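In what comes next, chain A is part of two complexes: it sits with chain B in the first one and with chain C in the second one.
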Partner chain A sequence: MSATQTKPNRGYGRWTPLWFLAPAVVTLFAIGIYPTLFALVTSFRRYNIARPREGFPFVGLENYVAVLTDSTFWASLGLTAQFYLTALPIQVVLGLIVALLLHKPGMGLLKSLARVTLVVPLATTYAVVGLIGRLIFNRDFGVANQFLSFAGFGPVDWLSTPNGAFAAIVIMDVWQWTPFCALIFLAGLSMVPGEIEEAARLETSSKLALLRHVQLPYLLPGLTAVMILRSADVLKLFDMVFVMTRGGPGSATDLISIYIQRVGFRIFDLGTASAQAILLLILTIIISRLYIRVLYREAH
Partner chain B sequence: MKRALRICASVVALAAATAAMPVAAMADWLEDAAKPLKGTEVNGIFLDRPGYRAIIKLLPEFEKKTGIKVNYEIVPYENAREKEVLNFTSRGDLTMALVDLVWIGEFAENGWLVPVDDLAKDKAITDPNLNLKGFFPLLLDAFGSWGGTVYGLPFDNYSGLLFYNSCKLKEAGFDKPPATWAELKDVYAPKLTDASKNQYAYALQSRRGETQSADSFMRFLWPFGGSLLNKEFKSNLLSKESQAGLNFRQDLLKYMPPGVVSFDHAEAVNALAQGQVAMITEWSAFYSTLTDPATSKLGDCLAVAPEPAGPAGRLPALGGFSLAVAAQATPEQQKATWLFIQWATSEAIAKAYVEAGGVSGRMAVYEDPAIKAQYKFVAPMVASWQAGVPEYRPRFPAWPAISEVVAEWGSKIELGEVSVEAGSKEIGTRMEAILQKDGYYDGKKKLLQ
Partner chain C sequence: MRISTGKILHAIGLTAIVVFSLFPFLWMVAASFKSQADILASPPVWFFTPTLDNYAEIFSDTKVSGAIINSLIVAAFATLLSVVLGTPAAFALARYDFRGKSDLWFWFISNRMTSPIVLALPIYLLAMSMNLLDTHLVLILVYLTFNIPIVVWIVTDQFKSIPPDLEQAARLDGADQFTIFRKIYLPLGAPGIAVSAIFSFIFSWNELLYALVLTRRAAQTAPVVATSFMSGYELPWGKIMATGTVIVLPVTIFALIVSRHMVRGLTMGATK
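What follows is the complex of A and B.
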């Protein structure tokens, strides 16, 4: 008996999947992996492009030691954490409130309109948000002080005092990113099976209990995504803050990305700036892993 | 009678011909020099400021005469150095360098600029009326020279000036501007400040960045006898004179609008233009903004004077840009760029340049009675350029890093987050660390600033 086995004709050759994957892999390598590898190599060199005559020698861990012993780096990182811990809870709470309101039955047309308008802040360029912020928080003709005056308060020096400037950048970030949280949570709420939600509503009239025991488990994956994306985003938040305050007054809004940009593109010390960026990449990965481990476990 | 008329006509014709001579002569040599370079392109970076808008207006004349195409990209000041450094290090397409006075050391030491002497050797492409001595010596020295070599010709030239609202000063009983900083603070400021009416005597642009370091912090060092560095390149900020200047700045704050620490040039100019403050010290280049009815309410109330003097004399802020030929350009492009730079900074077009809104670095144009009469800023600016400190801000390659330190700690001092002394000490320590790293203390680098 001959046991000749012929491969079924699948309609494509052995290398066909490779050709389909190749464009994506090559693109990812060109715009993601290669620059990261280049930054990694640069972080071990003395690499100041404004001093080409000094060459670009390898200096081992010198840049990392310089970064880790730089008090300004730690101060900027601390300020960035403070910014994240201030802005994110506000965005999550407001986003959740907006999502719950939009999840309520009825008023279909208005809700559709509201969903569309939520995209507007997200679609606005960071630099434009910064310019709008400069106008809103202008002491003499900004609308922020105009509203405060309606409530009987005197003008606030938003952009020229450390606390005012910090509050101003937080408010602008909340304005831009609350809709993102709202949309993610809305998607989560729409995943809750209708019959379970109906049954829960019959069991309890407490909206808080409904949220805690029925809706929250469906919101946790979205919350994890929000936290991961916002962590990475805050660590690279540059344009809006630079346009609004340039990191000032003093160092009140000197977030880590502003500091790295200054080292990289004002002083052109790309070796040190790359070391800072690599350390931030490691930090982002650690934070993301923590979120996934803690929140996903909760979700399951 | 007929004879008298004929004589008058001849005199007028002769005068007109004489006045037109430099332009005609320039046209001749320029056209001849450009013949082999027709079609060559010059690439440079411009800023969105009056001096650049002025030369852009005149550009068609140059392109028509020479057949050389001038391409320019307009970028914000904050990005200009970044663009140029990246272009020069990657051997990009720029054939012309726009050099801020604080970049000259970096650009020259890196070999990115062609010395003027090397270009001027070629008589076929050099203006017979180049006349380097026709530039204000302070400008040629500060904006275009490094280590005794001239690299660039002064193009967009500024001096710090006192712009003031003469109507407000008159209402307060003053018929002339303050001559000294002490007079401004002690005599003028109390009478011109009424916080309840949102009226203030003076505004000092102090936003973090070059505005804080150059326009705010450094402005109060030199006139008070202080300086950033001493002869050994160590910090001089704790000297009695430097401390006096910086303390004076703090004392003056109570006569300035709240929030001045976040004021950039636009906000300071606007505060004067809209009547919130009576005086500002700003670059001469903002004259056209303050005279434009679309942006200023001042009208005839606008007046201009030199910056007030301090105990060490009148040492006003000095700033500006030169144009230089980029070493990375091809020989053809270098020649074409050199022709453009000579034309743009020439005596022949200086008057047209000023009339279009620019500020020429040529001395001769400011002797023109029509120019003197039309532009109020001319007399005080020329007076300011007679004496000054070329190293008002150090021009060595370490300045950008030091400027960042000064900007951060200068703002903190102004906000009262640290004392003047503690802030000065911090700046000094960090500045010396930068200079140490750059090799200024171990003899690797000459102490040039």
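What follows is the complex of A and C.
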């Protein structure tokens, strides 16, 4: 036996991690970072490809000034915030109810079925969610108005009135993302140690007290994650809304990604659109930072 | 013995979840088997004579079948590439400590959060200048921006759970890091790799914005074609819903396979 083994053999050199990381990192640089830098450069130019004769001159901060003083841009961001603040509370409350129903003991088979079906909305192609929305919320033959008539209400012109269209995209978003909240809350509920929950159930018959004093601490991390992730998702939201309303009627559902897409690919003003996109990116980076911070705080 | 009201309410609640989750989906599937007259009936009809006409029509429409093939090609290659590129990176992140590791994490995760419109603008211009618009290649490459982070996240998690003793033993036998990766980590991490591949496939298959902006005709994917039916006055509803059903069915099946991991894939690790 040799006693001279002082240095632990790590079995790899200093640069070994690099070889494993290089393929992914180089690819993401080429398709992620490089285009982002390109967008940054474009955002300092006048770049309207519908008017190529004007050339693409550098104009400094002109695009940013234009965007930041553009009331439509702010209205669009405001509408996105409004969408978030409308849809998220509904998703959280419904998601919590669903999670509690799935956590409650008993009803094994039905419970498994309910849990599995939650995956269906989450997997449905976002564009197809929009198509389904067009069908359900059609004024003349949509099933939404049929349900309203069962409840004794008259038909609503969902997709051609501002409030109707906004409500319709909120409802479709609630359909698609409530299961997401439910599954995260369910994971939180299952973290509550069994014996603590049992003891609490014996102690109090109030479901609300159980929820507040025993289960809530385990639900909060998930709630934070939901709040942050959904905010990033709403800034990204495009497919479903584009298919359902294209941002209309008027600008009633003109969420930020829809608006930027229109400036870039309908008006072809890529300079302005790039400036908007860069501002959106900055907002996203702040949100990601927040998410990482929360995530790491939990890990340690 | 009597059944308590609590139990009845529980059963009603669970049934409501099933109905809530499935109704819009099933309503689309039902519409795909309706004739145009049945779809346009007001109020909507719940019982009807099913017809396969819509499916016959879309499968004989080369635009739809071509788009589905395009979607398959793009999603399959984007998945394959992200697994090939992502798993070695996951190995490095799971097994080594190095400077800048947390920054790298941050970068991977922020890729998941970024709106596609941010990249769609510059990539449109770059693809135009490189004559890559309307090709499978440009979509495959763009889809790597969200697929690689997913693969890295899920597979790193899986690799971390592989006991280090196995690696120690192999090292004593003189195996180098690449052999250890190939002979120990890849086979033992296979379940995680499969899950991440399914997620990549689902996300690529479902994507609309990039495909809408970067393709014109030849490389159009299924969601783009389904969306394109949505213009004009007399909408072919049955055809649209049949196309929607054909698009959603394969990913739903995949999603059911990975349903236990759904949250992990969508949150990049908020919950274990």
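FYI, the second predicted complex is superposed on the first by the 264 of 300 C-alpha atoms of A that agree within 3 Å, B and C clash if a C-alpha of one lies under 4 Å from a C-alpha of the other, contacts with A are read in each partner's own complex, and residues count from 1 in each chain.
Rule of thumb we're sticking to: contacts are C-beta pairs under 8 Å (C-beta built on N, C-alpha and C of every residue); 3 or more make two chains touch, one makes a residue touch a chain.
Predicted model, so just to flag it, every value in this text is computed and none were measured.
Student: So, does A:Asp239 touch the first partner chain B, the second partner chain C, both, or neither?
Tutor: second
Student: Give one of first, second, both or neither to describe whether A:Leu202 is in contact with chain B, with chain C, with both, or with none.
Tutor: neither
Student: Between chain B and chain C, whom does A:Ser251 touch in the aligned arrangement: first, second, both, or neither?
Tutor: Touch status of A:Ser251: first partner only.
Student: With both complexes overlaid on chain A, does A:Asp157 touch chain B (first), chain C (second), both or neither?
Tutor: Touch status of A:Asp157: first partner only.
Student: Let me test your reading of the model: by the given contact rule, A:Gly188 touches which partner, first (chain B), second (chain C), both or neither?
Tutor: A:Gly188 sits against chain C, while chain B stays out of touch.
Student: Could you say whether A:Phe265 touches chain B, chain C, both of them, or neither, answering first, second, both or neither?
Tutor: A:Phe265 sits against chain B and chain C alike.
Student: Have a look and say if chain B or chain C is in touch with more residues of chain A.
Tutor: Partner touching more chain A residues in the overlay: C.
Student: With the two structures laid over each other on chain A, which partner does A:Thr124 touch: chain B (first), chain C (second), both, or neither?
Tutor: second
Student: Would you mind listing the overlap between the chain B footprint and the chain C footprint on chain A?
Tutor: In the superposed arrangement, which is not itself an observed complex, chain A uses residues 49, 140, 265 for both chain B and chain C.
Student: Using the touch definition from the top, list the residues of chain A that touch chain C in their complex.
Tutor: 9, 11-12, 16-21, 23-25, 27-28, 31-32, 35-36, 38-39, 42, 49, 97-98, 101-102, 104, 106-107, 110-111, 113-132, 134-136, 140-143, 145-146, 149, 172, 175, 178-180, 183-184, 187-188, 221-222, 225, 229, 232, 235-236, 238-239, 242-243, 256-257, 260-261, 264-265, 270, 273-274, 277-278, 280-281, 284-285, 287-289, 291-292, 295-296
Student: Considering the complex alone, what residue numbers of chain C touch chain A?
Tutor: 7, 10-11, 13-15, 17-18, 20-22, 24-25, 27-28, 31, 39-44, 84-86, 88-89, 91-93, 96, 98, 102, 104-111, 113-126, 141-142, 144-145, 148, 152, 167, 171, 176-177, 180-181, 202, 205-209, 212-213, 223, 226-227, 230, 237, 240-241, 244, 247-248, 251-252, 254-256, 259, 262-263, 266-267, 269-272
Student: Considering only the defined contacts, which chain B positions touch chain A in the complex?
Tutor: Spelled out, the residues of chain B in touch with chain A are 82, 85-86, 89, 106, 109-111, 198, 207-209, 212, 258-263, 276, 397, 400-401, 403-404, 407-408, 411-412, 414-415, 417.
Student: Under the stated contact criterion, what part of chain A meets chain B in this complex?
Tutor: 49-53, 139-140, 155, 157, 159-162, 165, 245-251, 254, 262, 265-268
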